[in-house]
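Got a structure for you, questions after.
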Amino acid sequence: MKFNIWFLLKILAYIAIIMFFLFPIAWIFNMSFMTNDEILRKVPVLFYEPTFKNYIGLWEGEIAIEGFATMYVFFKQNLINSAILSVGSVSVTLLLGVPAAYAFARYKFKGGEDIAFTLLSFRFAPALLIILPLNLYFSKIGLYDSYFALIWVYQLITLPLLLWIVRGYFEDISPDIEYAYRLDGHSWFQSFWRISIPLAKPGIAAASLLCFIYAWNNFVFALILGSSQIQPVTVGALAFITASAIPYGLIACGIVVSVLPTLILALFIQKYLVQGLSLGAIKG
Amino acid sequence: MSHSKMKSAIDTFLKGQMSRRDLLIKAGRYGIGFAALTKLMGMQVTSALAAQDFDWKKHSGTTIKLLMNKHPYMDSMIAELDNFKALTGMNVEYDIFAEDVYFDKVTAALSSGSSEYDAFMTGAYMTWTYGPAGWCADLNDFIQDSNKTNPSYNWNDVVGNLRDACSWSGVAGDAPGAAGSKQWCMPWGFELNSVTYNQRYFEKAGMKPPGDLVEMTDQAEYFTKNAGSNEWSYGIGTRGSRSWATIHPGFMSAYANYGLTDFENNGGKLKAAMNSQASKDFHKQWVKMISSSGPANWSGYTWYEVGNDIGAGASAMIFDADILGYFFNGNPDNKEAGNFGFHGFTPNPSASAPTPNVWIWSLAMSNFSKKKDAAWYWMQWCNGPENAMAGGVKHNQVNPVRESVWASGDFDDKIRGTSPGYMEQYNSSIDGSKIHFTAQPLFFETTTEWAAALQEMQTGSNVDETLDKLASKIDRMMKDVGLA
Amino acid sequence: MSYLNLENLSKSFKDDKVISNLNAKIDKGEFFVVFGPSGSGKTVLLRLLSGIMLLDNGEIEMNSQVINEFQPEERDISMAFQNFALYPHMKAYDNIASPLRANNMNIPDDEIDQKVKEVASLLKIEHVLNQFPKELSNGQKQRTSLARSLISKPSVVLLDDPLRNVDAKIRFEMRLELPRVLKEFNTTVIYVTQDFREAMALGDRIAVLYDGKFNDINSPKNIYQNPSSLTTAKLFGDPTINNFDANIKKQNDFVHVEVKGEQFKLKRKTNIQDGDCIIGIRPEDIILSNESSENSIEVEFRTKTPLNLRIVFLVRLNNGLEFLCSTTEEESQLIDENKKMYISFLDEKSHFFDKETKRNLE
Amino acid sequence: MKINRKLFPYVLTLPALLVCVGILIPFFTAVYYSLQRYNLKMPHMKGFIWFDNYVNIFTDPSFWNTIKVSLTYTFFTIIIELLLGLGIALLLAKRNWLNNILGVLLVLPLMIAPALASLIWRLLINPNFGIVNYLLSFIGLDDFTWASHPDTVLFTLIMVDVWVFTPFIMILLLAGLRSLPRQPFEAAELDGVPEYYKFFRITLPMLFPFILTASLFRLLESIQQFDIIYALSQGGPGESSMVFQVSAYLQTFQYTNIGKAAAMMVVLWAICYFLCHVFVKQWHKLKIKTKGELLQ
């Protein structure tokens, strides 16, 4: 009987988790096929004729409200901007962060921990504290409104995150495995590339996904440091609210579309995430 | 060719010698559709301007950049922008940001002293910050300079209260528009705070729009009490977020209607006046109304939720910007679109007319601009009489700031056609409308604190004590900057 | 001229001198065993030789070339790790092939294949080549690791206690097999162990590592029979060597020994000085009997226990001194513990050590 | 090309450091601002006043309220997210199709930008149209006040924060759980050790470094949370949900009181620095305990 009670509790836990975390998501998805009239009801409508108007509008960038006005959205450009900013940031972060994480994990060197802590401390410099001076300097040196500048600033968010997560994974790899590879006649770089990185892959994958999400969702840096030409979806989606309506369906639709790239990335990465480091002898 | 005949017809129309209806009839006769007519009209306006004794091409080839808020005004400007480009040979770029973040963007951009943007949208209150900070150019330097301003611009055509509201001397307590004021911005479109109500609901309840604040409270209570069996959910929509935006619309309009002021001005020294007995009584009435029959989540309500609720039929009436009602009434995506009535509201039983506080979307010129003269070309075009007319008649530039637009039959037709009662609301309110706040540098600090105090009162704090606390807090803030 | 020349090697971690002034000359093709108790720095020594760690001081000379600053991959030295250090994400095959795929080798795939299979068959692991390390038994892991260290025929192979983590049966098998396999590769082997039997079974020479240096470098037989110090003598032998503070006096062909008032004499020659020293006698060099004889001493039986196919007796002298004696199974059966017991010493097999320095005095 | 082995770690880490160091200039500029009377709209009053801004905020009771609210918010979000995230990670640790799919789907809340997520939550809990409110009405909770009453506002904000950020903890702990070496578990199973003992004596200690890393980052974010709070309550009603970032945001962008805002942010920075320092120290201690110090 004891087994059954545990099993029941487990099922209940699954249901509770799915309800709390996924019901709002399902509802957002649902709303993206509704008109505002259907969304804004005292008693929610469950059966309605799904409309693709929101999706079409987003894609075409032009939403005509008959006999009233035409609303323009730049969502496609926002989406492209988000992609450029996020992919760019994560790439730079991987390039800079993975070797640094390795060094912190593997070597004890003078000032090493200080450097690691300093890098972490960038993470807790409140954005509000630095944003105005940053804007001032970027304007002065002509970096205002450039992808380059934003990708640079995004490193403050993504780099420490990746560094401190991946570092732990490198620490879990027995150094002997790398030494063995060196003794086989491979250079440091080869051992780093073929041994250390593959073995830390789940950590790198998880960290990259999180970095991507944080870059994708960033709001304030892009808003202040860029013109509307390079704004990501987070800023762009706010412009759906007009003086004549809060188009919740459109907002929901924007959320669905803006989440898709991240979701696809997560599905792609999940192979590494769930694979885990189940390789047994990794810890020496 | 019919086009040339049509052009002359348009000229006649533009000179005010032909009504819009006649023009449309003529166009129909020549087989010209509405779209083509619009285009033709734009061209004709442009050519009319181009014919002036004014060098519109002076800045040909110059590119200016605007920082704009996402707004119907902006949309109507963009729709006409090609005409400006054709007229001047200039190029115009613009950055548009959502209203939620727009002013943060402006503050960041201007505080950096960057010459990125030449002109931008602003509210009058914001220039109480931007002006003293040295971010805005004084537009008097341009308006008064006949070399820079085209002869038909006619600044005095702009509603006087609004022109005043957009200027200030920078001295705390000085009224906007008083002697020594600098024209920090110029009005582009504005809002009066009045009552918009759901006619269907009011008919069903057998009511007329409220005559004063007490009646409004009673009516709102009726709607809230009877929400269960009806479509609506509550009686009265007003803003309630912890922000200056909660104070300036309906609340301030009503406050002023009772003859109350935010500060006592003793020769440039300001003393908070929110805790006068009359003010306390007013607050009690107001808090009673929103507590008993405002939205259940009032303390988070922003303008777009106020609009959304009446648009979706949740609230029976709102006391907020008239254009909010106008726009939500016009957008057929809203369930209750077309059902709204408009009502110039006099909260104080002993007052004779409404005294709406105004919100003015304005245009300002960045003091850091390296192309001020060129930017001015765009500005005088943008709210010049021709474009204002085009915006008012063809687009959604409501409320227009020029008397000439209000006087035009076409605009009148359009408004009466789409929103019955709106004109009456406007006419009854406009004379008493102005900025009822005391102009002073801590406008945002004091109004935000005020809103926070309102929230506290709404959730049960003692009104008298809360207001005393608020007043002493504001006095302290004033003292810190040497104004008390 | 030796092939591998270690001169004054030193390495310390913070204040801990793990290796200090270690010297050795190792010949080409030699099976050189480094033996030492745990924590004596054996692994560190191998890491210094392989280039994983850098020396503080000294010189490593290989084939007349100082290789101190060489990267691990440049040294032509391979190593089998105590924990095997197999690449978990590669199959056994790829683990073994790894050294052949290093970029300076340029070996075609079919040749690699052939070599992997060769060495796998030599080590009897052909059937597991397609498995991942986590699917292998410890013995198979150990052979894979060995195969990887040998396949590229490096000049020097370092084996870091390779039999430590495998069970007794495999350990025994491998002890037999290793010399044969290593011979095939005709390579210089430095083999680290903390099992003196393993050291004695495998080594051409044994270097005994403690106090950061090699204290004996000698053939297994010599080390056992003529340890340079009491410490070495204690390390070799199980049960460990009996040792007592003693006073000796040479007389004719005899050495008179006095230990805590008890006196006996050993018939042997020596050149050491009369006086205080430490005498060491291995348990198997003590004859245990129920009958007294010339030079025998009466003892009291305390306990006995089997150890490594021998029986170890603990006996006590009248003065309270305790001895460990070990006998074969058969011998032990001849001894009746309930009767009086006597011990006597194999005269030549006793060792004298300096009281202070613990050096062998002979 | 040969790089000195002593220098090598620096070669690997310095690029990352250099890229971030650019930020130090604006940081120090901001610290400098915090020592000035500096309100953009009152340029004539600008001047160096040493620590007056700090004295002012620390003598202002509303700032202490801000600290209290921020720390309360941080404490509860972290505790709840940690427990929930750990629970979910344990529930999903076993590999099967359901867990694999949930492992991705449960990250969805994190994928929605908090600024947008909050907008949707405003609708979900809207008393007139919200589905959540509608569902709650069946259990008699239809007039739950959510973010519009001081008694419930923190609960509401924490709930949304938990909804958004629990997945962050979950991802890290799930990856951590799955990377634990198997030997100790196998050994424990052979010994027939009970489940709870296995959890407290093996799983939890081995997972601890992951837990520390995850909570460290959540801590830094939570104490600096802005999007969710600003979108849902703007710090209200009254001062009941006024946290650091909202307060500093108002000072910066609405009141243009740069000096005071910078002082508040520097205080926040110092709190983060202190907490971070404690965490990292613990983290190192733990590492040494579980793994032994690296030789090199």
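A, B, C and D label the chains in the order they appear, each numbered from 1.
We take it that contacts are C-beta pairs under 8 Å (C-beta built on N, C-alpha and C of every residue); 3 or more make two chains touch, one makes a residue touch a chain.
Everything numeric here is computed off the predicted structure, so don't read it as measured data.
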Joint neighbours of chain D and chain C, given as chain labels: A
A-D compared against B-D, more contacting pairs: A-D
Taking each chain's C-alpha mean as its centre, the one farthest from chain C: B
Chain A-chain D separation of Cα centroids, rounded to whole Å: 15
Approximate Å spacing (C-alpha centroids) for the pair chain A, chain B: 39
Centroid distance [mean C-alpha coordinates] between chain C and chain B, Å: 94
Where chain A touches two or more other chains at once, by residue number: 40, 42, 132, 136, 188, 238, 280-282
Multi-chain contact residues (two or more partners), chain C: none
Junction residues of chain B - those touching two or more other chains: 104, 108, 111, 233, 312, 314
Touching residues on chain B, where the partner in the complex is chain D: 103-104, 107-108, 111, 128-130, 132-134, 233-234, 240-244, 295-300, 309, 312, 314, 441-442, 444-445, 448, 451-453, 455-456, 458-459, 461, 481-482
Touching residues (chain side chain A, partner chain B) in the complex: 35-37, 40, 42, 65-72, 131-132, 135-136, 139-140, 144-145, 223-224, 227-229, 231, 235, 238-247
Interfacial residue positions of chain D with respect to chain A in the complex: 6, 8-10, 12-13, 15-17, 19-20, 22-23, 25-27, 29-30, 33, 87-88, 91, 95, 99-100, 102-117, 119-121, 123-124, 128-129, 131-132, 134, 163, 166-168, 171-172, 174-175, 177-179, 181-183, 209-210, 213, 216-217, 220, 224, 226-227, 244-245, 248-249, 252, 258, 261-262, 265-266, 268-269, 272-273, 276-277, 280, 284, 287, 291, 294, 296
Complex contacts: residues of chain A adjacent to chain C: 174, 176-177, 179-188, 190, 195, 198-199, 279-282, 284
Parts of chain D lying in touch with chain B, wherever the complex brings them together: 39-43, 45, 122, 125-129, 143, 145-150, 232-239, 250, 252-256, 258
